[in-house]
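So that you can tell them apart, the chains are marked A, B and C in the order they are listed, and the count of residues begins at 1 in each.
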Amino acid sequence: MLKSSLLAVVVIVSLIGNLTFAQASEADLTWPLLAGCLAFLIPVGFTLLASGGMSEEKAVPTAMIGLAATWLALAGYLACGFALQFGGIGLVSDLPNLKGLIWEWSPLDVTWGTGWGTLGLKGFFLQKGADTPIAYALFFSQLPLVITASLIPLLTLRKRAKSLVLVLGALLIAAVLYPSVGNWVWGGGWLANLGLNLELGHGFIDFAGSGMVHLLGGVIALGGIVALGFRSENTREPARMPPVQLPLLAILGSLLLLVGWLGLIFSNPLYMSNEGLPASLIAVNVVLAAGGGALVAMLYTWFATGGADVLMAARGLAAGLVAISAAGPFVPPWAALIIGAVAGLLLPLGIYFVEYLLRLDDPAAAIATHGLSGLWGLLALAIFADGRYGVGWNRVGAEGYLGIAGQGVSGYFVAPGFQLDLPNQLYAQVVGIATITIVAFVSAWAFFKILNLIVKAWTKPSV
Amino acid sequence: MLKSSLLAVVVIVSLIGNLTFAQASEADLTWPLLAGCLAFLIPVGFTLLASGGMSEEKAVPTAMIGLAATWLALAGYLACGFALQFGGIGLVSDLPNLKGLIWEWSPLDVTWGTGWGTLGLKGFFLQKGADTPIAYALFFSQLPLVITASLIPLLTLRKRAKSLVLVLGALLIAAVLYPSVGNWVWGGGWLANLGLNLELGHGFIDFAGSGMVHLLGGVIALGGIVALGFRSENTREPARMPPVQLPLLAILGSLLLLVGWLGLIFSNPLYMSNEGLPASLIAVNVVLAAGGGALVAMLYTWFATGGADVLMAARGLAAGLVAISAAGPFVPPWAALIIGAVAGLLLPLGIYFVEYLLRLDDPAAAIATHGLSGLWGLLALAIFADGRYGVGWNRVGAEGYLGIAGQGVSGYFVAPGFQLDLPNQLYAQVVGIATITIVAFVSAWAFFKILNLIVKAWTKPSV
Amino acid sequence: MLKSSLLAVVVIVSLIGNLTFAQASEADLTWPLLAGCLAFLIPVGFTLLASGGMSEEKAVPTAMIGLAATWLALAGYLACGFALQFGGIGLVSDLPNLKGLIWEWSPLDVTWGTGWGTLGLKGFFLQKGADTPIAYALFFSQLPLVITASLIPLLTLRKRAKSLVLVLGALLIAAVLYPSVGNWVWGGGWLANLGLNLELGHGFIDFAGSGMVHLLGGVIALGGIVALGFRSENTREPARMPPVQLPLLAILGSLLLLVGWLGLIFSNPLYMSNEGLPASLIAVNVVLAAGGGALVAMLYTWFATGGADVLMAARGLAAGLVAISAAGPFVPPWAALIIGAVAGLLLPLGIYFVEYLLRLDDPAAAIATHGLSGLWGLLALAIFADGRYGVGWNRVGAEGYLGIAGQGVSGYFVAPGFQLDLPNQLYAQVVGIATITIVAFVSAWAFFKILNLIVKAWTKPSV
């Protein structure tokens, strides 16, 4: 397809960023491990949030599918996903215990350069090179994310597809789709290297999953809905907010999301060893974005319908969390509040657009909550990153960036003394967004279309 | 009013306690940050607990108001509250990263001494001096507390006032009232300096919010109820325990409170760097007080009504947690059990007193659960503090206290080898209690009275 | 009974393992304390799981009894249990702050050797030797476990016995039964020393409570059910899965269990100072076992009944967690998945066996979920321990084991380069299982039989 049509297996030494991976010893695992425990509240929260927005007879099967997806995702990621995502992480990390994971494949010839890694190929079933404490911790830190990415489309597609199809879909996401994108963004792959290879800012940046988890999951849900057929006219309900049947559980779910997210942001053992990251700023930004999202979504429904809508407020909180995940450590608190608030405003508009203009049936609001907020969060990084943090991120500008020593990831509204970096960082984000959107939509559409045909043929063999 | 009628802006160097603030480096932030994540379970727990004690049609709007208060409090504290509370913390802290926060205002002339700080005036919107990692961590650690302080009155006042009035009330608490009291107690202000200035023990001590959060919130609720009118005769219900409609959620809420509280006690970055504080003792005391409160409240309803009351047991747990917050590290485990048990006994008596003797309508039992338990906890410190811990607290007695080297915060039942400190420490606590009560009641009463009149005039402009 | 009929109080210096207890300084308490906070989600989860499987009118009283048991267990463990369990821990620990706890009693004469400790006798009410930070932390870490052990039988016996009997039962478990077994396994007692004394592998190993908490609790439930009478014919319900009334709360409970368990495994201050334990491997194993249990239990009900059963999936998750607790750090990830999966298969079979063949009435499924899974987990250690970790555990083989330097706890499927240790480690596990089962069943049967007779005689004195 490209120049290297022989698809040579190329071992790429791309060194994502020696800043990011330096100095982590075994002792440093304690913090990310404990934080990772909390992050398991995220799938709990999303399950409650989705179930809480449905009628009682639908809530339990939805939660059930969520539980099934959780554990299938786990099995798929253990067997195959981790190896695809981090099989080459040893090439870009200084940690001695990751030196066993050094097989990164690229479809491009080596003459294209060494930063175009596409898939890892080592560490299947956590064996052979992936049996060290740091590799276990890395695996552990990904579990809440891969579970969430599998959960998002299933919660919204539950009644449109057979359980078996959903089950296979969760496996596909956890074993192939999430790990592939994850390799490009966090595993030493080509999206992270856009800065090094093409001078697009610091490369594609997604700190905690706005793109890898939520844009991916939201677009997979979109692809599935489109593949499984638009809503028929007679099932269309009157133009109103979704019904709220189990609202207390939805509120509880959204607040557990907040606690889980605060764990998530500290759970990555590769980042947490980075002395340059301001942990307390990330925590403040997460809470402010969640608050901004909840407040604006609540006020919107207050003005639009005369009464604040519980479910929308809970989803607004989630939308704010999704949006801040890309840029967590790189923006100041006031920007985090704005990022969350914009996500909270986009949410009801997005739901209206999906439900009443596109006429797509999205009962868990996955497209607006995850897809739209994730997209916005990735763009927002290129606008609000203020240059104070992230020096040397993705191995760009460790010695100085745009001629200024100590400048980190930057967008338009930089702090005094720093240079703005608007077009280039934005280009990197747009390339990442487009890549994730296209891969997710095409894969999901094809998968659900084909599986649906097979299932139909199977269940009605003759007649 | 006092000698300095010119209200000079005085920068006060009061040095709360070099013991308390020494040695915290950036690395020490990891523990308080992770613990602070857990503390966000506290507003979740109180929302479930309040909603779980109401009928179904009231539970959801109550939770909704809780959610709204949460995020409004956040915005108000970001804009203004943090600056008022900690704008002068740099004057009393050795931490280099807090040196930008050095503006503490006092109404008294400098000839009164330098320990009468009343309000900080730096760090609005987390800008200018408040943009360092330790300041972010300090801000983060206050969020669950300020949210809780705003939540308490709203949960109980929900059906007595218009939503807009409640919203403005939450803003007032988070932006002005909580920060003011917080400045006096934790921000280097005058209540903490009662020991230094007037030789009242170690000054007013409130380790984790018995007074600053719960007495404040409970009295604000009381002031609001009084301002909005006593219950009319016809709405008075028969003399029985509150109905239990959503009891499982109330139980869940109370247990989440316990987990959140265990996070809260470790979340303050200023305390956690203090080598002299026994973290494990605080944890044990919190659990024992919660257990004592739940057990006694449960047994009371068992003896009084023939069946243990779920809601009362859940509230008893909360009352025990509130009561131990003042004295957490300073009392031995047996005293923590007693402090919790007394709070668990005061709770049903307080509810009975408020509901049937005062005839005040307090559906979330805020006055008894928060106000009364908080008051008891602040007094209990002066009774049970055993002198083993807290050496040099509020800069009193770092070299030795009452002639004994190594004696810390003390009350009546001191450990062998230590001197009792009953009248003085008790005086400090009483001054603090009286101050908080008066400020909270008067502010709340005036606010709700005036706002209610305005709203009434607005909604009925002529006639 | 044995040679030493004089029951001499023997102070035993048995040194469980210098590897396990070395190097823990005060600073190391931060991690186990924070993790211990999370572990309090475990009783929350089990209460929701048990309540969620019942009809609404039964769910609330069941949760109520759970709450009562929680706090009674706490009081009993404070007064007496901790002293019985850890009164001799100072004899086997290198930590200077535990040197006050040095009274371990044995019924055997000293000529039998010094490893037959049976009960500690120091530290009642956390006084005298138990008033140090590390002792407080040790006490704190046991609370979620002792609460759970008391909770298990009560949740299932609630409607068979008077509340007063249940209350006394919880006290007995927390104050005597759990601490006794806990002394033998974790407190320096004889089960841990089977390796040293009788060359049975590394002695009885139960890393996080498969036996001490769950086998104990499950068998106590069994003893109680048998003592209180088999189910009469007319109450027998048709052969179907238990009814699911509050399924979302059951799912929430099971997921909170997972988060709590991840805290639990890090909460023991004695283990966490052990540099040789792979914290990240334990975390991965816990999640994989939970997933395996949930998935297999879910698939079983899918195949058996045509639809996945929510409650069974939630209980399967719990069963997987129970089963992995014994062997957490000693097995590779693939084995953890199998251990969980087998537990998930044993669960529905065990429920069927108990309900329809034995015709025992076990509404919370305590016997299958806790007893059977705990038993399986203890055996699984002797099968899957791969020898990579646990060098010198229980003071066996610190210099090399089975002739191989660096070999740790081993079973049948050892890693390449290690010797299998099948019969001996299995014998140790079987001795431990038999001991716990007999002690628990006999104590529970006698207690409930006698108390029931007393209560009956009391309530009908004459006639």
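In this text, a residue touches a chain if its C-beta (ideal position, glycine included) is under 8 Å from a C-beta of that chain, and two chains touch if they have at least 3 such contacts.
Given the structure is predicted, the values throughout are model-derived calculations rather than measurements.
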Same-site or different-site touching of chain B by its copy chain C, using the half cut:
different
Could you work out the angle of the rotation that brings the CA atoms of chain A onto the matching CA atoms of chain C, rounded to the nearest 5 degrees?
120
Whole-Å gap separating chain B and chain C, where each centre is the average of the chain's CA atoms
38
Residues of chain A touching at least two other chains
34, 38
Write out the stretch or stretches of chain B touching chain C in their complex.
31, 34-35, 38, 244, 247-248, 251-252, 254-256, 258-259, 262-263, 266, 278-281, 283-284, 287-288, 291-292, 294-295, 298, 308, 310, 313-314, 332-334, 337
Residue numbers of chain B touching chain A in their complex, please.
29-30, 33-34, 36-38, 40-41, 43-44, 47-48, 51, 59-60, 63-64, 66-68, 70-72, 74-75, 78, 125-127, 131, 133-134, 136-137, 139-140, 143, 163, 246, 249, 269
